[in-house]
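Multiple structures follow.
What follows is a pair of complexes built around subunit A, which joins subunit B in one and subunit C in the other.
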Partner chain A sequence: MATQAESGRKTQSFVSVHAGTIAVLAGALLLAIVPLVGSRYYVSVFTQILILSIFALSLGFLMGFPKLISLGHAAFFGVGAYAAGIFATRVDPNVVLTLGVALALSLLLALVIGVLSLRSTGIYFLMITLALAQLVYVASQQWESLTGGTNGLVGIPRPELFGLLRFDRTTFFYLVLLLAVLSYLLFRTLVRSPFGRILIGIGSNEQRMRAIGYSPRSYKLTAFVVAGAVAGLSGALWAHFNGIVTPEDLHWSHSAEALIMVIAGGAGTLIGPMLGAALIWLLESALQSYTDRSTMITGIVFILFVFFARNGIAGIAQSAWERVRR
Partner chain B sequence: MGKGDILVPGTANGASTLRRFPFAVAMILLVAFLLLVGCGGGGGGGGQGGGEDPIRIGVILPYSGVYAQLGQDITDGMNLYFEEQGMEIAGRSVELIQEDTEANPQVGVEAARTLIERDEVEIITGTVSSAVAYGVIDLISQDQIPFVISNATGNDVTRRGIPYVFRTSASSWQVSYPMGGWLVDNGVQNVYVSAPDYAAGQEQAGGFKEGLAAAGGNLVDEAYPPLGNSDYSTYLTNISQASPQAEWSFYAGTDAVSFVRQYAEAGLKESVPLYGSGYMVEADTIEGQGDAAVGIRTGLFYASGLDNPENTAFIENFQSQFDRDPSTYAVQGYDAAWLIGEALKATEGDTDPDALVEAMEGVEFQSPRGPLSLDENHNPIQNIYIREAREQNGRIENVVIDTIENVQDPGA
Partner chain C sequence: MSALALEGVSKYFGALPATQDVSFSVEVGERIALVGPNGAGKTTLFNLISGEIMPDKGVIRLGGQDVTQYSPDRMSESGLGRTFQKNSLFMESTVYENVRLAVQRRLGIRLKVFKSVDRYPELRRETEEVLNRVHLTSRSEMKAKNLSYGEQRQLELGIALATSPKVLLLDEPTAGMSAKETGEMVTMLKALPEDLTLLIVEHDMDVVMALARRIIVLNFGEVIADGDPEEVRRNKEVLAAYLGVGADEEALGA
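Our next item is the complex of A and B:
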């Protein structure tokens, strides 16, 4: 198998190595014409899918490479959303500042949760991230003067840019598209860098990496913080898009949804989680208008993936591609 | 293992995925199908642009959860009006598109967005919960869609003075403030106040206390049990020990049933007469409260026993159509539909937002609740009726014992 891959690399090297990037850029180009041909409904649908795909991408990076399965990822999404929302409503809706504040706060929170939870591994890591994230959830519910409690934080405007541009539905879509592509490229660069190789090594065999002389915890913490910050960014975009943030955005079920997106899309790739986000959004939200059983259908699809396509959409695409190549 | 395998862990068992190739094709087809379904649904709303374009009205109400009955009552009230019009106004047919809000702001905002963007509704109406209303107001302001609120009583909903927002229920203040002055006028000076500890409870109690203080009355003490409480005994003991002249309360739904029953069981009803906001003793709670409700005096903008021709006709039509008694919520729904329908008649079916807003401002109501008009914030100016629950005609009814005329919300 290794020799096959080597010989394939000679002829198909560029396409194989950059398959993900090519797919993402082609997808981005396709999406870029949506506002020109589609109604405002499609613009809105793809804005939501792209925001969720950034969220899923950040978790996918953690699950796929250093193999950190976190059930508290929604905390970063939610804190980013609240930070951007509160800053936009009380101080200034400038997009650079709101996204900056969201990035900074979710990064800080990821640092704290990371330091506390990365002492454990496996199921214990999962439970501690879940518990800490639920603490943040309860805080968002109780701190009513800041968050509006269970009624949520309302009145979040679409952002503006130094008084030059007030984002509307279409321009906001392009902003989200741009940030989605940048997030993908960021993680891609990380994964291909020496740092990324070490993360993959930690994911495959942590003991061996430690034996070679690496300190897995600091690498894992760095990955965790980067992923948390990007999740916070997606949360901030969500706050601007939705105009409302409620504690539900930080609930552990939102983390679980991201987990399902990653698994359905394909853990171990970067493009997979993004596609998974689109699939799950379509199953959950689009089908909801046609049937009351959309949650059941999502469940069945998820089970099918677990049984028959462990590598998700990305795995299917990959095997189909290899089949075609022969 | 080669380097490539580590880089893209997906290839690690590529050989086994290959054998499942037919399944992979099936999955890709499934994804493609879902994309088509998702997109096809989107086209549906806009695709009906034929010659006979219906007027699309989005209805966002809770149809599941604790407020499901309220959502149903409001919807039935609306349907009663539109069916009287033959489901057609100014030559255009009327299409009501319903979405469930679950009384959850996140779900409600998403429902409203879907209605605006996918179904391209021209008017939105609904929301039982004020939290949902606040979220939806931001959305409709962006897209300039008239929004007729048929229940949410949050004071700020209309006090913000957003031109596209109308309300056919009342503000919390409006329902509770008049009772404060009325009690003092009737010789009750010292009052104990209790309400559930959430936004509506605080607003209702706040309005009453303001009215009481303005008339020179005295607040003995106040208590705020949590929402959804089941045992009020400690609060009832405190009320008994404070021995006020009267108790004023706001509770709704199951809380109202528990509180009123326990109040009567504790024997307080005789020593400390119970007054309250009208939502505490209404069509939806009376059945559960039974005799415990008898004698309680509450203030609201409607009473089933109101004697006017519109109310008589409304009750009769509602009963024959839906086989049950209408509630205050049904009246709110009927008036919301009336406001939308009469405005559309005035614009001759034109749904341009600004034309509609102007027409709505000029609508004259014939409401079962009696005189009704809108103030400059589009909140109703209406009578508040002091009602006493009495046993008559073999059931418990709210009988009007006094009327406070033309109560207007003070605004911002």
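Our next item is the complex of A and C:
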């Protein structure tokens, strides 16, 4: 009896089971040579893309598995950015501490917002996350003594590591690359774990999950908090990279942009949102030098994905791969 | 001690009584069919027992324990399983994964985050055992949405069984099935362990007679008859509910 199920699983080759990890590691290796062969400009480009890909990945985890569509994800990004920025400016620019503080505070905020918003589902959940995140946005504008108000928090020093290393453009790039790979591996481990399978079940059929003895809210809250903390981490990296944090970093439109990245890349996968981040960032910044209408064009690309490639870049890649194998 | 007992359970939707003062007690291992015309309140009663909705009055006991206010997940943990009239599956997941989710809950493999779910041998063993019981071993790697309708009903049962309930509520297990599929489902249900208490809502009288030795008849949310098939068949109220007053008693048994 057991043989059928087992043989079914065995026929899945190593490559198809680990396709995502292989692609991410291969991509990371390729990116690792960018500072050796490319100009400083490209190092900056890929640093920004990688930071945003961590941000999109954390939202993609929520949207793809427990199917939580939040429009407030930028709040965690922004709080992480401010936390790291303020800590680096006023206390210590040690990267372990700044990232640690950012992680802790965004985790705490995610816990609060999660408890309040996860009482609702669907569109109501989305609206509540949006509203709560906008509260955080307003707070970031008003609390001038701490955040610098609308001018933003400026003069964030470059991070360092216990006096051993002061990060420059290149070493910071490698730090971001490492954290992007680790974030991917974190979410991948979660998704494949028993806990992740429960999240997928909740995303697929919450009523049935309850009927077989699961209380969905605690699992959703756990996922929400992990995703919020990782978003905070990406925000902290953003603050260090730019040397400045402004309230715009946690405006709701930043959440919407992450949402577009996830959908363009492919919700339901982990690699998709990361690729989506690259696509949308490249599109926006490439177009910005030619036209003022880059946002409109991004919007059109988004609509094209929704109509013609529901599963995003990852979906296109997957069907291409299947065609090649046949 | 009874496996399941209802004491004066009532539920109103606005002014409409969906369930009125329903009382009955089910012994361990008993197999009971719940019948009645459409809209008689059978599914509402299931939803009350399984905790999907809360009664306005009355007490529900599971194994002697008052579970009236329990949520569906607590009911499941307390040993109540149910299937749904309309298939409620994880359509994008494989058959194996559907069952595994329920087994995971029973074995308490929940907030485990480090090891891949494939690396729990006890999870695999138990899942395969359940798949075997509902004759879906050969379908284990298929997505639930790609199963035939009858197979989806089998999976519906498999998920419920995988939680190892003490009391199982089956909401029209053979609805929409072909004669062959119905026969297979009845075989599967007959093979269930003897100490598993079964409550079945079913319209197919052949299935009712094959499985149940006690029948409870509901009409307008009230119990109008409760007894063995012969008693129920002779009950005037039952005949009236099904066929109108004065109908020929032969008709119901057919």
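One rule holds in what follows: the second predicted complex is superposed on the first by the 314 of 326 C-alpha atoms of A that agree within 3 Å, B and C clash if a C-alpha of one lies under 4 Å from a C-alpha of the other, contacts with A are read in each partner's own complex, and residues count from 1 in each chain.
Convention: contacts are C-beta pairs under 8 Å (C-beta built on N, C-alpha and C of every residue); 3 or more make two chains touch, one makes a residue touch a chain.
Small disclaimer: the values here were computed from a predicted structure and weren't measured.
Novice: Of subunit B and subunit C, which one touches more residues of subunit A?
Specialist: B
Novice: Which partner does A:I212 contact after superposing on A: first (subunit B), second (subunit C), both, neither?
Specialist: After superposing on A, A:I212 lies in contact with subunit C but is clear of subunit B.
Novice: In the overlay, answer first, second, both or neither for which of subunit B and subunit C A:L282 touches.
Specialist: first
Novice: Applying the document's definition of touch, where does A:Y42 land relative to subunit B and subunit C: first, second, both, or neither?
Specialist: The answer is first: A:Y42 touches subunit B but not subunit C.
Novice: I'd like to know which partner A:L111 touches here: subunit B for first, subunit C for second, both or neither.
Specialist: Touch partners of A:L111: none, neither subunit B nor subunit C.
Novice: Go through the superposed model and pick first if A:L25 touches only subunit B, second if only subunit C, both, or neither.
Specialist: Touch partners of A:L25: none, neither subunit B nor subunit C.
Novice: Can A:L135 be said to touch subunit B (first), subunit C (second), both, or neither?
Specialist: Neither subunit B nor subunit C is touched by A:L135.
Novice: Just to be sure I read the superposition right, which of the two partners does A:Q318 touch: subunit B = first, subunit C = second, or both, or neither?
Specialist: first
Novice: Quick check on the superposed pair: does A:N151 touch subunit B, subunit C, both, or neither? Answer first, second, both or neither.
Specialist: In the superposition, A:N151 contacts subunit B only.
Novice: Once chain A of both complexes is superposed, is A:I69 in touch with subunit B (first), subunit C (second), both, or neither?
Specialist: Neither partner.
Novice: Touching subunit B in one complex and subunit C in the other: list those residues of subunit A.
Specialist: 1-2, 5, 9, 200, 204
Novice: Inside the complex, what are the residues of subunit C that reach subunit A?
Specialist: It comes out as residues 50, 71-73, 76-77, 81-82, 84, 88-93, 96-97, 100-102, 104-106, 109-118, 120, 123-125, 127-128, 131-132, 137-138, 140-141, 159-160, 162-163.
Novice: Quick check on the complex: what are the subunit A residues that touch subunit C?
Specialist: 1-2, 4-5, 8-9, 189-190, 192-198, 200-201, 204-205, 207-215, 222
Novice: Can you list the residues on subunit A that touch subunit B in the complex?
Specialist: 1-2, 5-6, 9, 16, 39-42, 44-45, 64, 150-152, 154-158, 191, 200, 204, 242-244, 246, 248-249, 266-269, 272, 279, 282-283, 285-287, 289-290, 301, 304-305, 308-311, 313-320, 322-323
Novice: Which bits of subunit B are touching subunit A when the two form their complex?
Specialist: Touch list, subunit B to subunit A: 1-2, 4-11, 13-15, 17-18, 20-21, 23-25, 27-28, 30-31, 34-35, 37-39, 41-42, 45-46, 104-106, 109-110, 113-114, 117-118, 130-131, 134-135, 137-139, 142, 199.
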